[in-house]
Amino acid sequence: MDRRAGWRLWLPLGLMLLFLLLPFYWMVLTSLKDRTELLNTPNPWWVFHPSINSFVDLLTQTQYPRWFLNTLYVSVGATALSIVVSYCAAFAIVRLKFKGARALSTAIFFSYVVPPAILFIPLAEVLVKLGWFNHLWALIPIYATFLVPFCTWLLIGFLRSIPRELEEAALVDGASWPRIMIKVILPLSVPGLISATIFSFTLSWNEYLYALIYMFSSDNKTITVGLTTELMRGDVFQWGQLMAGSLLGTLPVVLVYFFFVEYYVAGMSGALKD
Amino acid sequence: MSDFNRRELLQMTAAGALAVGAGARPALAADYKPMFDVEKGASLQLLRWTGFIDQDDKQWKINTDAFTKATGVPVTIQEVSWTEIQAKSGLAAQIGSGPDVIMGFYDDPFIYPDKLVDVSDVCEYLEKKYGGFYDVAKSYGYDTENKRWIGLPMGGPGAAVTYRESWLKEAGFDSFPKDFDGLLKAARALKKINHPIGLALGHAVGDGNTWCHTLLWGFGGKQVDEDNKVAIDSKETREALKYAKALYETMIPGTASWLDVNNNQAFLAGQISMTINGISIWYTAKQKFPDMFPDIRTAPQPIGPVGHATNFNLFSQSFIFKYSKYPNAAKEYLRFMCEREQMDPWVTGMVGYVTPALKGYADLPIWTKAPEITPYRDVLKDNHPDGFAGTPGRAAATALNDFVIVNMFADACAHGSSPEDAAKSAAAKLKSIYGS
Amino acid sequence: MSDTTTPEARPEAARPSGSLLRRALDRPNVLGPLLAAPATLILLILLAYPLGLGLWLSLTNTVLGGTPSFVGLANYAQLFHDPTYLAAAGYSVLYTVCSEGLKLTFGLGLALLLNRQFKGYRAARAIMLLPWVAPTVLSALAWNWLLDPQFSALSWLLIKLGLIHSNIDFLGQPWPARISLIIVNMWRGVPYFAMGYLAGLTAIPQSLIEAAQIDGAGPWTIFRRITWPLLLPVTTILLSFSTIWTVTDFQLIWTMTRGGPLDSTQVFTTLAYQRAINGGALGQGAAIAISVIPIMLILAIVALRSTREGK
């Protein structure tokens, strides 16, 4: 509506974006610099001899493509699992109101306060007992522990915003609850599901601690773990490749956001409505 | 996931096929004489630190492949950066599951000695064959209480002085000073010609700890005495702190936040004239900074008033967990890797970055290939272990990980405490750690 | 909760007939628990149970790989005499309060700016999310460069502008380090707030604002009287989630300073990790980590209360 937004929009917005993007500009510069230029330059804010060697080396000399696929696999898996499980739980809590639903929703919310930085030792014992150690797929349920509480909470909010009349009408027509869940409410929940999906995907994509601690084989590394364990060599860091890897690793998530950002906002706003 | 398992399976069967091809029944190559009775169907997982120099990992892998070829035992190597090793090995000890063999650092084996396989036989064999271990190496592997070896000392990524020859000459010195007095004089002269020195004072696991401990011990200070009683608040410590403060005043600003990577970068950017580091600066310059390379020299760390070298180095040892199903295979693997046929190319490949724990390897040709490499040959002589003069163990490890000594120096140098206060507050911290 | 109809209260005749299983599945008290079971199971096995183990650890003197014995609350009692812990607790609070305040302010500002459809607003919305989207470990490394004592491009710029004469030692002195970490944490969290507020703003009926405009209210009055009160529930939610993440933040500080210089940037999680993992004192580390949970519970209760009252 406000197409003639003048300097009062662009000045503060520009400054904010500048601040938010600064480190990324730096990443791009660094990924294009060779080591000599990184340390000796007349102007650190520019690259005078750009080269894509870091990208080439990253893709050919390291297992980066594999780390990428691993990350994709775990992120998609953890997201899918969390969304399905959370939608079921949220539907049960909001629409079915079975006995104990309220207590359950409170409990799920509270489970969010447990800090992973210490949970990982006792959790490791559980994983060993289950025989899940050093299996890449084990990261999927592990990530669900921090995705499910948020997704369930978000979907609870979203489902509440869907008018109750809809299902009442369906019930009068003789539809069963499972049918209502899938045919009536699910299509209406799409914006909420998209928000939850994007959110879960981002958190899984960037997870570091669990992936670092619980995976032992090199074949099981994710992007964050692979980059930090193989390119930070003692006291010599492969800065160009590290930054190239960060940029390439951020790209898919940015694309996802670029296409779904509107749904994300819509879904969140649905969840926040009364 | 079936895909990943299949890949692992493929690797294993490939190794197996190789062994079968070699003719021996389950595994062994015809001309290979194992020292240990390798378990049938054994396979090993090794967790090690990512090499400081890429040739390290490459050669290690080649040696490992040779082991697999000779014995038929496949070895999966996992690498994590050296600062994360502790987390993973600690977790393995706690939950009783994980890699069979871990290459760790410092006091690691002494934190969970009961969980480790006795490796006395390998150590004694190697000791006899290769001229014995350096004293410091022994203290990082030998459990004096129970009179047994719980870790096989591998070696230390050693620290030595790395400096710019032309600037040192310009400052009026023909060679690098051999004692602390000379070091301070040189540092002052270098500052005068605007080429300051730089030593890490942040939470740098390697580069912060090394020079601070060397200074402390060089003046005769120690964190605890032989009975693990806190002894840091002493005249010697205060002398060391006073000296460090004087040295700090000649340094480039900002060293208080330096982690291990910073001095390398500052040196290669030409911002500092001298630092104390592993051979990685020289090696990186050789590859990437041809202009600076001819000007870089190395020298042994200077000696303090106590009159002999008091070096402190990173140190790595290998240990085998009791939960391993194949302890003999693991011992055989470690023995194999420490034999000259493997050790020589390994150390040569990484131009002496890790100085082997066995004295016999001081004659490797690599040490004399360039004069800059030679100082690293001797870095393990006249060393003390961390927690000196006490015994290695959990308290020493905690003190090291809490950076008590480094923080004490940083406190006195960069954060305005008097030597007295810095030593007192370090003493308080050590008392809560050692519980005395 | 405003709605009063309970799902059970519906005409018996309308129930679908069919097998016993189908009829059972149609009963909310059967289907409900069934649907909630997977989420509950995951959280029980992988969260609640390990948490219980952690609680137990904190009551023992367990050391890595050692045999534990019960010591009661000794670990907790010891924390009150531990200067490093007290300092870490202090900085945790400061870190959280400051960065949350900044995130809220700038996030809201950004959302207000982005809440119109100017040319390129979609791109701007996507771009501003970058800090939130990029892996923390790696963006923290990029920040380390920008704040490096020798190679800081920020210091370089300030020197060229003539504002300072020598490099700022961002991470080497306690206060600059503390402040730098707060700024970086804010940098990472602003997009999350902006996004949430954008959603909150979209939910505000345009008619309300137009009505106020007709009544002659200026932008500031509209913001103070209409927008902000309507954003309060969103604020509580954003704040509580973000606070939980900030209090339990580990990667950012661990990557950038490891709690240094001089332990001035230790927080609960870094100290717990350092004690438990590097030092091997599992019991003590667990106690440090668990000492955070009461604070978090209070936050969670506040959040829960206000969202319910918002209904």
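Note that the chains are named A, B and C in the order they appear, and that numbering of residues resets to 1 at the start of each chain.
In this text, contacts are C-beta pairs under 8 Å (C-beta built on N, C-alpha and C of every residue); 3 or more make two chains touch, one makes a residue touch a chain.
Computed from a prediction, not measured in an experiment: that's the story for all the values here.
When the interfaces A-B and A-C are ranked by C-beta pairs in contact, the top one is A-C.
In this assembly, the chain whose C-alpha centre lies farthest from subunit C is B.
Averaged Cα coordinates give subunit B a centre that lies 38 Å from the centre of subunit C.
For the pair subunit A and subunit B, the distance between C-alpha centroids works out to 37 Å. Mean C-alpha positions place subunit A and subunit C at a centre distance of 14 Å. Among all residues of subunit C, those that touch two or more other chains are 151, 273, 282. Subunit B has residues 87, 91, 94, 265, 269 in contact with two or more other chains. For subunit A, residues touching at least two other chains, in rising order: 39, 121, 125, 228.
The residues of subunit A lying in touch with subunit C in their complex are 1-3, 5, 9, 12-13, 16-17, 19-24, 26-27, 30, 39, 43-45, 84-86, 88-89, 91-93, 95-101, 104, 106-119, 121-123, 125-126, 141-142, 144-145, 148-150, 152, 157, 160, 164, 168, 171-178, 181, 202, 205-206, 208-209, 223-224, 227-228, 239, 242-243, 245-246, 249-250, 253-254, 257-258, 261-262, 264-274.
Interface residues of subunit B, counted against subunit A in their complex, comprise 1, 4, 7-8, 45, 47, 49-54, 76-82, 84, 87-88, 91, 94-99, 157, 206-207, 260-261, 263-265, 268-270, 277-278, 280, 284, 288-289.
Those residues of subunit C that touch subunit B in the shared complex are 63-66, 82-84, 148-151, 166-167, 169-174, 177, 257-263, 273-275, 277-282. The touching residues of subunit C, when paired with subunit A in their complex, are 3, 5-7, 10-11, 14-16, 22, 25-29, 31-36, 38-40, 42-43, 45-54, 57, 106, 109-110, 113-114, 116-119, 122-139, 141-143, 145-146, 151, 153, 156-157, 187, 190-191, 195-196, 198-200, 202-203, 233-234, 237, 241, 244, 247-248, 250-251, 268-269, 272-273, 276, 282, 285-286, 288-290, 292-293, 296-297, 299-300, 303-304, 307, 310-311.
Taken together, the subunit B residues at the contact with subunit C in this complex read 86-87, 90-91, 93-94, 111-112, 114-115, 201-203, 252-259, 262, 265-266, 269, 271, 394, 397-398, 401-403, 407, 410-411, 414-415, 428-429, 432.
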